[in-house]
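The following pair of complexes shares a single chain, subunit A, combined with subunit B in the former and subunit C in the latter.
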Partner chain A sequence: MNNLLKKLKKANKFSFFSFWILFLLYIGAFLADFISPYPYDCQYRQYSLCPPTKIHFIDKNGKFHLRPFIYGIKVINPYFNEYEIDYSKIYPIRFFVKVPERKIFGRIKFGICLFRVEDEGKIFLFGTDIHGRDIFSRILYGARISLSIGIIGVCISFLLGLLIGGISGYFGGKLDTFLMRIVEIIMVFPGFYLMLALRASFPLNLSSIEIYLLIVVILSFIGWASLARIIRGMVLSIKEEEYILASRALGLSSFRIIIRHILPNTFSYSITALTLSIPGYILGESALSILGLGIQEPYPSWGNMLSSAIGNLKILTTAPWMLIPGFFIFLTIICFNFLGDGLRTVFDPKNW
Partner chain B sequence: MKKYILRRLAQFIPLIFGMTLISFLIINLAPGDYFTQLKMNPEISPQTIEEMRKSFGLDKHPIIQYFYWIKNVLKFNLGESFAYHVPVSFLIKQKLKNTISLSIFSLLLTWLISIPLGIYAATKEGKWQEKILSFLAYIGISIPSFLIAMLLVFFSAKTMVFPIGGTTSIFSPDATSWEKFIDYIRHLLLPGIALTLSGIGSLYRLMKNNFLEALESPYIITAYAKGLPKLKVFYKHALRNSINPMITIFGYELSGILSGAALVEIITNWPGMGRLILDAVLSQDIYLVMASLLIGGILLVVGNLLSDILIAFADPRIRLR
Partner chain C sequence: MEKILEIKNLIVSFKIREKKVKILRGVDLSIEKNEVVSLAGESGSGKTLTGLSVIKLLPKNAFFENGEIYIDGENILEFSEIEMEKIRGEKIGMIFQEPSSYLNPVYTVGNQVEEAIKGKINKKEKKEKVIQIFKEVGLKENVYFKYPHQLSGGMQQRVLISIALINNPYLLIADEVTTALDVTTAIQIIELLKNLINKFKLSVLFITHDISLAKIFSHKIAVMYSGEIVEIGPIQKIFENPLHPYTENLISCLPEKYKKGDKLKTIPGNIPDFENLPSGCSFHPRCYYKKEICLTNQPGKTQIEERFVRCFKYGNIVENRKS
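Presenting the complex of A and B:
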């Protein structure tokens, strides 16, 4: 791992940074219960669509505070979501605050949160949504969905793709034709439509976990086909190699040859392709969630946090910070793209 | 050539067949059908619903239903929409027109921008111009199309540059057709630019790499050695060889437009196929969904054929084979 990172750094600075940004994002998602100042479903109705809170070090009199602080929020007009900064109130930011009744992953009791201000003051780093929920906290919790769905989805479709591509390429003949026809049929579908149709073939009101699994299954079902095709092509050339002949002469079973001798030779390609195809899964989840077919409220995902800003110009123009989850999607995707490109350079035998 | 096209067409028929069969089965997997929702309505008697179901052939086994559907499609009858009570072909004709014009607009724009940029960057390989362009392309590839669409909607709501949503503004009845056309294009700009921006990056990268590859080939050295001027080498030799792979891409792009445009259409409120299929899928309006999928498949076939024909025109090596 360390070795790989060093090579990555040498190959491409961007992909090295991307790796660490992604690392931070995943840590953030994992520690969401600890980092986020508020629970994801905590509504402050009086602060609906409140703009992001600014963090200050220097107060109005020009005095420097070592401990960062925020000003209070004054509600001017609750019906039009107008707010003003209340300079008379100062809330210093406290770190490692004790919070009663906080649980990690909803199970283990854990009473500390990274930063917070005293109860009357509210710290909304990225503002709030229509229900007055803190967007920063929701982004951290939403990252759990959006970041994990890519990895899990990709793993499933890779298992399928490797296995089917391997079998198809190794055995050839009628089995190959049959499997490749199926692959082609799936690739003929307009992807977005297939995703919708598959989603619609299950009830709309499922529990969050069921929907999560469903989305993973749907995305992997669409995703494995193109991979299987490419793996098959590689297997076709690998199986002509002499060491395959040798292992056949040694009497190894076909299954063992495919798993132990052919597929590992496609790994350097696969890992690159794996990294580069994660964005597709993240996009798929967000697309479904934006349309209201994915993860359901109140649980956040980066996609469904965007959905209330769609088709509602008033929200979009008065509260542009509602688009912040979109930028996190963008950040994640660009990092995976950079990382994938870097890995390609590292794995490319030309550069060894 | 004719034989070649016919053979390609014949390859696609079983694919379309399989695709429609699978989608029919997927839709039938869903619990209930369109009329399940009507059952909630106390004003409609169960007998009426049963009759309606029968008249649409929904009381039969899905496979039999599918063959009925195929039979009708071969007679150019796409069936009737449950929700709108009009022929599906009527609904689709309306929306498909908008989707196709949106796609052609953005496709043209994407190509017109990314091909010259790709060539320019290839000639400046390693210099700051290429680095900036390639970085921008990276952003373009990575930014989700829905985010671009939302940003553009936000931008135009603030500045009123583009009209948002719909295809026309309210007009006096004596507007000329030219004025109407201009108005249509103005409405097309917002979704069109969103799609274009999300498409430029990858096409630019492909073109750049193709051109670079062409520049490194031996025939370019020969051309230089003959004493041809640089521009002539570029446009006569390198360009013509590097554009061939792009033509193949064009076919795939054409087939991808239905899918690619759908989400942007929904977000920017452009009345195309996107919204139609979303509603159709959700309300289990089977024949409408099937027709949309069929069109997607047909576009794929047309796109592939078109790129085959185009590449035969562009590349004599393939034409002669």
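Presenting the complex of A and C:
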């Protein structure tokens, strides 16, 4: 792992940074229960669409505080969501606060939160949404869905694509024809409509976990076909290489030759394809969520947070911080793209 | 003597544009224990195909039409693919002509040699075994962690040799092992093979187009011409007194017999096209000893002492084969 990182750093600085950004995002998602100041479904109705809270070190009188603090929020007009900073109230930010009701992954009791202010003050780093929920916390919880959906989905479709492409290319003949026709059948449908049709064939009133699994399966079912097709093409040319003949002369079985000798030779392509397709899954989930077919409220995903933002034009103009989930989608996608680029260099032994 | 390999009347054909073209036209060959047999001939005479037939790995459009191949007394042409997988690597090792393209570029060479080991042993023992064989073939220990493209051609060939030998096979097929190497490396590899053959007590089918290489360590030589073995016998005798006109020509082409300033001899003409072979003896268009019978009939196997030759110069045995 360490070695891989060193190579990555040497290969491409951007991809090295991307790796660490993604690493932080995943850590954030994993430790959401610890980092987020509020639970994802905690509503503060009186603070609907509150702008992001500013953190201060120096107060109005020019006095420096070692401990960062925030000012209180004064509600001017609750119907038009107008707020003002209340300079009379100062809430210092406290770290490692005890929160007795907090649980990790909804199971294990873990009563500590990374940072919080005293109860009357509210810290909304990225502002709040229309129900007065803290967007920062919801982004952390939403990352659990949005970041894992890509990885799990890609793993499934990658496995299917590599295996089916590999078998189809290596054995050829009738098996090849049969498998490739299946691939074509999946490919002729526009991906988005196929996704909608598949989702529509399942009931709407499912639990969040069920919907999550369903989306993963649907997305990976669509994703494997094009990968299988390209892998098959590559296998067709790789299997004619002499080292494949040599490994057959060693008495290796066909399955082992496919797994050990042919597929690794497609990795310089497929690793890139893999990282490049992760964004597709994140976006796919967002697309379903925007149409209300994805993860259901109150559980957050970046997609459904963004969808609640762009569903209302007024919100877009008055509360642009609602678009922050979109920025995270963008950041993740671009990082995965850079990472894929770097990994391709790393996995090509000719570069070392 | 125990026969390790015996090929009887092997006929292999290619399907070319819906047409059946015979490439190997009845090859008979046998290798005894600890014997090195060279298979010599021009490019396109079917040497490599003979080698591949022995491990039953023909190109896709080729198929066995007739014949038997006995390895250790068993006819492998009746074996299933799964049974063949057991034989390949374990009983028969094969070394190929272009070492760089026969190594997988994505794995370290140590990894690839390890993979060839048959039987279940743990990782540490595997590595020890690999390093042991690396010593035998004259490679340093650190080669274990190198990728194929980081090695020179000679080193790559040594790696291939260690892959072929790691399971102690008793038959080694060496297919033009020195073709891709320069002359000094080639000699080193040949010397190495010579030592290893003695040490591992191998029987070897040494495929080459350079009969001077064959002379270095083989016991027997088989000369191939357009899919047939035209002459086979002990190497010393063949070099002293070649029987078949083709062998005679080949040997007279060797540069060692010439004085400085002499013009090198060549054999006029080319190897015939398999799709339309000349009638009768396939060598007759290039042969200085041409009789009428050569134009119409195929010469059969004629035995002279321990040698076999297919030529009408030594009798009138005609091959009864449908062509």
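Rule of thumb we're sticking to: the second predicted complex is superposed on the first by the 335 of 352 C-alpha atoms of A that agree within 3 Å, B and C clash if a C-alpha of one lies under 4 Å from a C-alpha of the other, contacts with A are read in each partner's own complex, and residues count from 1 in each chain.
Keep in mind that, in the parts below, contacts are C-beta pairs under 8 Å (C-beta built on N, C-alpha and C of every residue); 3 or more make two chains touch, one makes a residue touch a chain.
On a predicted model such as this, the values are computed, not experimentally measured, just so you know.
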Between subunit B (first) and subunit C (second), which, if any, makes contact with A:283: first, second, both or neither?
first
Looking at A:250, would you say it contacts subunit B, subunit C, both, or neither? Reply first, second, both or neither.
second
Examine A:241 and indicate which partner it touches, taking first as subunit B and second as subunit C; both and neither are also allowed.
second
Considering only touches as defined above, state whether A:267 meets subunit B (first), subunit C (second), both or neither.
second
Identify the partner contact of A:35: answer first if only subunit B is touched, second if only subunit C is, both if each is, neither if none is.
neither
So in the superposed three-chain picture, is A:309 touching just subunit B, just subunit C, both, or none of them (first/second/both/neither)?
first
Could you say whether A:21 touches subunit B, subunit C, both of them, or neither, answering first, second, both or neither?
neither
According to the stated criteria, A:196 is in contact with first (subunit B), second (subunit C), both, or neither; which is it?
first
Superposed model, subunit A: greater residue contact from subunit B or subunit C:
B
Regarding the shared-chain residue A:327, is it in contact with subunit B (first), subunit C (second), both, or neither?
first
Shared subunit A surface residues [contacts with subunit B and with subunit C]
none
Spell out the residues on subunit A that touch subunit C in their complex, using ranges where they run on.
241-243, 245-253, 260-261, 264-265, 267, 349-350, 352
List of subunit B residues in touch with subunit A within their complex:
14-16, 18-19, 22-23, 26-27, 29-31, 138-139, 141-144, 146-147, 150-151, 153-154, 157-158, 164, 255-256, 258-260, 262-263, 266-267, 269, 277-278, 281-282, 284, 289, 292-293, 296-297, 300
Residues of subunit A defined as touching subunit B within the complex
181, 184-185, 188-194, 196-204, 279, 283, 286-287, 290-291, 306, 309-311, 313, 316-317, 320, 323, 326-327, 329-330, 333-334, 337-338
Any idea which subunit C residues touch subunit A in the complex?
55, 57, 82, 84-90, 94, 96, 98, 101-107, 115-116, 118, 147, 149, 160, 163
